[in-house]
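Below are two complexes that have chain A in common, paired first with chain B and then with chain C.
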Partner chain A sequence: MSDQTHANLLEIGAAVRTFRTPEGGIVAALDEVGLAVRANEFLTLLGPSGCGKTTLLRAIAGFEDLDRGDIRLDGVSLAGVPAYRRPFNTVFQSYALFPHLNVADNVGYGLDVKQLARHERDARVAAALTLVGLEGYGRRKPKQLSGGQQQRVALARALVNRPRLLLLDEPLSALDRNLRQAMQIELKNLQHEVGISFLVVTHDQEEALVMSDRIAVMNGGRIQQVGTPGEVYDTPANRFVAGFIGVSNVYAGTIDRRDGSLCIVRTDGGIELWARSAAFAAGARVDFMIRPEQIRVDVARTAAQAPGLEATVERLVFVGADLQVHARLADGSPVQALVRHRRTPVEGLAPGSAVRLEYDPEVVHLMAAQP
Partner chain B sequence: MSRRSGRVLDAYGAAFLLLLYAPIALILVYSFNSNVVNMMAWEGFTLDWYRSIFGLTTRLSESQIYVHSTEALLAAVRHSAIVALCASMLSTAIGTATALGLARHDFRLKRVYQGLLVLPMVMPDIVLGIALLIFFVGAGFKLGLTTIVVGHCVFLSSYVFVIVSARLAGMNTELEEASADLGAGPWTTFRRVTLPQIMPGVVGGALLAFIISLDDLVITYFIAGVDSTTLPLFIYGMLRRGIKPEINAIAILLLVFSFVVAATGLWLRSRRQ
Partner chain C sequence: MTTLAGSRRLRLAALLTPVTLLLGSCFLVPLGIMALYSFLTPGLYGGVEWNFYPYNYGRVLGAPLGDVEDFDPVYIEILLRSLRLAGTVVVLTLAVCYPAAFWVSRFHGERKSFVLFLVTLPFFASLIIRVYAWMLILRPTGFLNLVLESAGVIDAPLQIIFTEVSVVAGLVYILLPFMFLPIYASVEKLDPALVQASEDLGATPWQTFRRVVLPLTLPGVIGGSLIVFIPAFGNFVVPALLGGAKVMLVGNIIEQQFLAARNWPFGAALAMLILGTVLVLMLIYVLRIGRGGVAAGAKA
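After this line comes the complex of A and B, so read on.
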């Protein structure tokens, strides 16, 4: 039993935090949030701004109190433990480097506070700077560094204390695109190297998919889904997750009838869609999701065996090697399909042309409709 | 901009500076004028007025000088220095602590409290002086250096509060969170992060408080005792016996001292950055 609980490094149970708006209303930044952080994992809190992810991070760090619920480290509640007694370190969105201290003193700050012996302190600072690729930068002031270098200093300053858990608040948002992509891989490698759990807050779904072992998708103060990048992409828990991660076509409808494990869904627009799912009974309200890359565009409109939808092409968009096809179904709802590796125009595919969109009922996804 | 309006602006600027600095330049010149009858007519260069202040031998006769007792003048200087040092240090501590408290905590009537803190700055000196006098006498205090220091702290704390508050408003509060995040308790965070960040404001506030305390006349006039005459009170007393050239020398010495204090402050600030 005790082994079971210790598999989780950090557990958040039914956390509630409300804020008063200037207009006098009450907004729940955290609404019954439950989440577990495992040992040595890269967990991302993903959600749009204002979804409560930063509040959750700050509550873990000890900068925000919870109204209700608790945060447990190794099964022990952290209620009443101030930030400076929690074995976590944070990489702030603004980096929050101390401008009056040089790089080495910034990195050594946590060790100085613990009054570590001088030689050990210096050795650990040097090792941390080497880890982030900034050896020899110790005597510079933060102002003399580029944004990417400052970010590395912030990382080193946190990691040098060997925290149980590293909290990162939008760590890459201030970097330009190329540097951000390089740092995504680097952060992931760093996490493997140091063996410390990383909890990263981000609103960038691509970043979350690239870096994470698991992703917790948040919206409106609630955790929508927790899963591996593959799970949240292929089998999103609801319409919000499907729309927030990647591009998706989602249609609300009702299970019309079942044929074995095959569900026949009638959308609110009257279109019939097929999906393989055992989770829903006839009459259930569902959201039907299909990713653009799961759709095959049949220009010749041959009556094939695969289920298909009649659609009218509205717009073609070249995205590098791929071709995005924006079209409308018979009931007027939009649909997006992707033609892979197509550099030359497809015969008969032009705005206004009628096409048949084929899909495989085995790969599309049914979700319970949100109330 | 046309050449013509440029010239008009130049002339305006020159006239403005002349009006501002000519009287001070005149005092400087008069303080070295050897004409004992009419100090506005230049006769020749002398250091006698400065020598007289410090009680050195001069060619001047008794009737030509004010400062009959260098001891009294030096006592006034000493009193002013004690008052300015104590009042500026105390009010810096009070003003900084108040600014921190108000910037970092939320409580009811915070705005009202902020307003009350700034009020002594806009209150007429005469009102404040009378109020303090009535308070000290009513409470049974003996008027002296202590009452001057306390009285000065009342309004100097407001100046320090305003200056330090401005500095705190520009400070990134995430720095304090970062410090706590790295294991530093509240006191360590204050000493190693907050104080270094607001130091230019604290030093600036202290220097301003020092200078204001040093030349305050009106409030001090009400709450000084007979044996606690400060330099401004001493000079004011001298003036009642007519304007004599020594006053110029004293004014110039005060000016030089104020410059040194201000320059030290600026130098300390530039060294930090």
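After this line comes the complex of A and C, so read on.
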């Protein structure tokens, strides 16, 4: 995967797609979107609803035309190629299983329309059903299956055609929480097993982090950042990505001065923060970000070496493994920290108590402020 | 538990009583009387004599009673013609309504309601008046000939009225909404995602139609065909006004036997023959075409 330009399976170049709203306005669902899907990777399009991710998926599948830009498979443009001639298959959000066909005929549909020989068709259908753990379900009708089973049928129906790229539109959104978490791992394993690139659309950041090789974060019709789950979590490109993936504390400010590789940031509220970064010069406008789990809550308020902030606890939220500490800094801006839950309550940690929040300047992430 | 089941049974009985009374008194009893009359001797001056008499059927089917009545193949001819015309009407209404239903289903909101309102609009005017309007259009000095002549397409007026063409045109016009509404209901239920899924799996538009769209809309097609075929087969107003004496259908013969010839048993026998024919044809149709489709539609 070192030579990326040749490893790219699918390339989307400057894709633009606008829609007319009922009020007469024009909305860009895709605004100069560029993206490359590599061979044999699990790529997730992550973003809030209305960010354009589904439009992009539908454009790749061939259900949506682009106003401008192009989509290339192995370097060849797909413009004008109808959906039924594209070597991609889709797992629809509603699964879209054919209600009048049984499971085997649903899975065999793509092979039947290509008029594959009967014995090969049956063998491949059986193999696909085994792959998704549904052997023996061939004669059932979709209505007789649970949601999770229907989803597996939809997967088998797509994979049996050995597509170059599998497109999945919110594949897990209709499943309940436990099943969804199990399927996240299973989808990832399945992708590894079949060696087909998966392009998954989701609005669930946790799902994206668990499953993906890479995540493309979208908002407002634009790609905000493409990177590994670690990259988008630890070094988000901007305030939107920082806020959309995980919980973050972000403070707008200016680089006050530099001390070697240490930047001293003065927030707009007048608080001084430290960060290790070589990317910004003094005077630059930045967004300072730190994750709650990187903050230590010092109840005793012993003056330590690490930089710290005085804060007042507002409320404590118990979420099982962790205790969320919601507090306010001296200038009134909110801050969130995590304390690992222990069965004995932490002395002195209660709403109203003053605490010192410590952090390591190494793990702070500075982002260029957006205009 | 028993009281619950009991009250449920009571409620069911209360709900079913009106329909049972209505269908029983207005449908089953007259039908029974007709069936009975069809086996009685026609009275000399109308009415019936209470003797068993199978020759009402014999006249039509080829076993008349010696010199009293003749076997006349005209009745079978009329029966076959009625079948043929009704079949034609089904095919034509289907050809018009099936694409139209897809077209209308793409509309949204008020536009859709408006189009559906237009479909039902003809019901607001009397059937007779609407058929008379067709007479004005089709007659030799009528609107159609006027337009064709002034456009230079024809030199002399076409004799359209009092032909099978005018009868079929009239029946198609009258029965269009009955074909449209059931088809529209099944098209409206068709999930567009299924069509996309089919395309996505590599099916050409034609394959998608054959394998997904048609099977899933077949219940509407079957329903529409039935509700159009039956009245087209027995209709007597349209053939009477647009077919004249030349294009008689079974409905006209029956009407004549009851009102003009005052031969009630023979009219009843003809009516029973229609009923039997329709039932047999419907059974074949539903069993053959409907086997896969209805089952799928019921699940869809």
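Criterion: the second predicted complex is superposed on the first by the 365 of 371 C-alpha atoms of A that agree within 3 Å, B and C clash if a C-alpha of one lies under 4 Å from a C-alpha of the other, contacts with A are read in each partner's own complex, and residues count from 1 in each chain.
Assume a residue touches a chain if its C-beta (ideal position, glycine included) is under 8 Å from a C-beta of that chain, and two chains touch if they have at least 3 such contacts.
None of these values were measured; they are calculated from a predicted model.
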Fit or clash - chain C, chain B, common chain A: clash
Contacts of A:W274 with chain B and chain C, given as first, second, both or neither: neither
First, second, both or neither for A:K143, with chain B first and chain C second: second
Contacts of A:F98 with chain B and chain C, given as first, second, both or neither: both
Overlap of the chain B and chain C footprints on chain A, listed as residue numbers: 61-63, 82-85, 88-90, 92, 94, 96-100, 109-110, 113-114, 157-158, 161
Residue ranges of chain A touching chain B (in the complex, touch as defined): 61-63, 82-85, 88-90, 92, 94, 96-100, 109-110, 113-114, 157-158, 161
Partner chain A, residues of chain C touching it in the complex: 191, 193-194, 196-205, 207-208, 211-212, 215-216, 292-293, 295-297, 299-300
For the chain A and chain C complex, residues of the former touching the latter: 61-63, 82-85, 88-90, 92, 94, 96-100, 109-110, 112-114, 141, 143, 157-158, 161
List of chain B residues in touch with chain A within their complex: 172, 174-175, 177-185, 188-189, 192-193, 196-197, 272
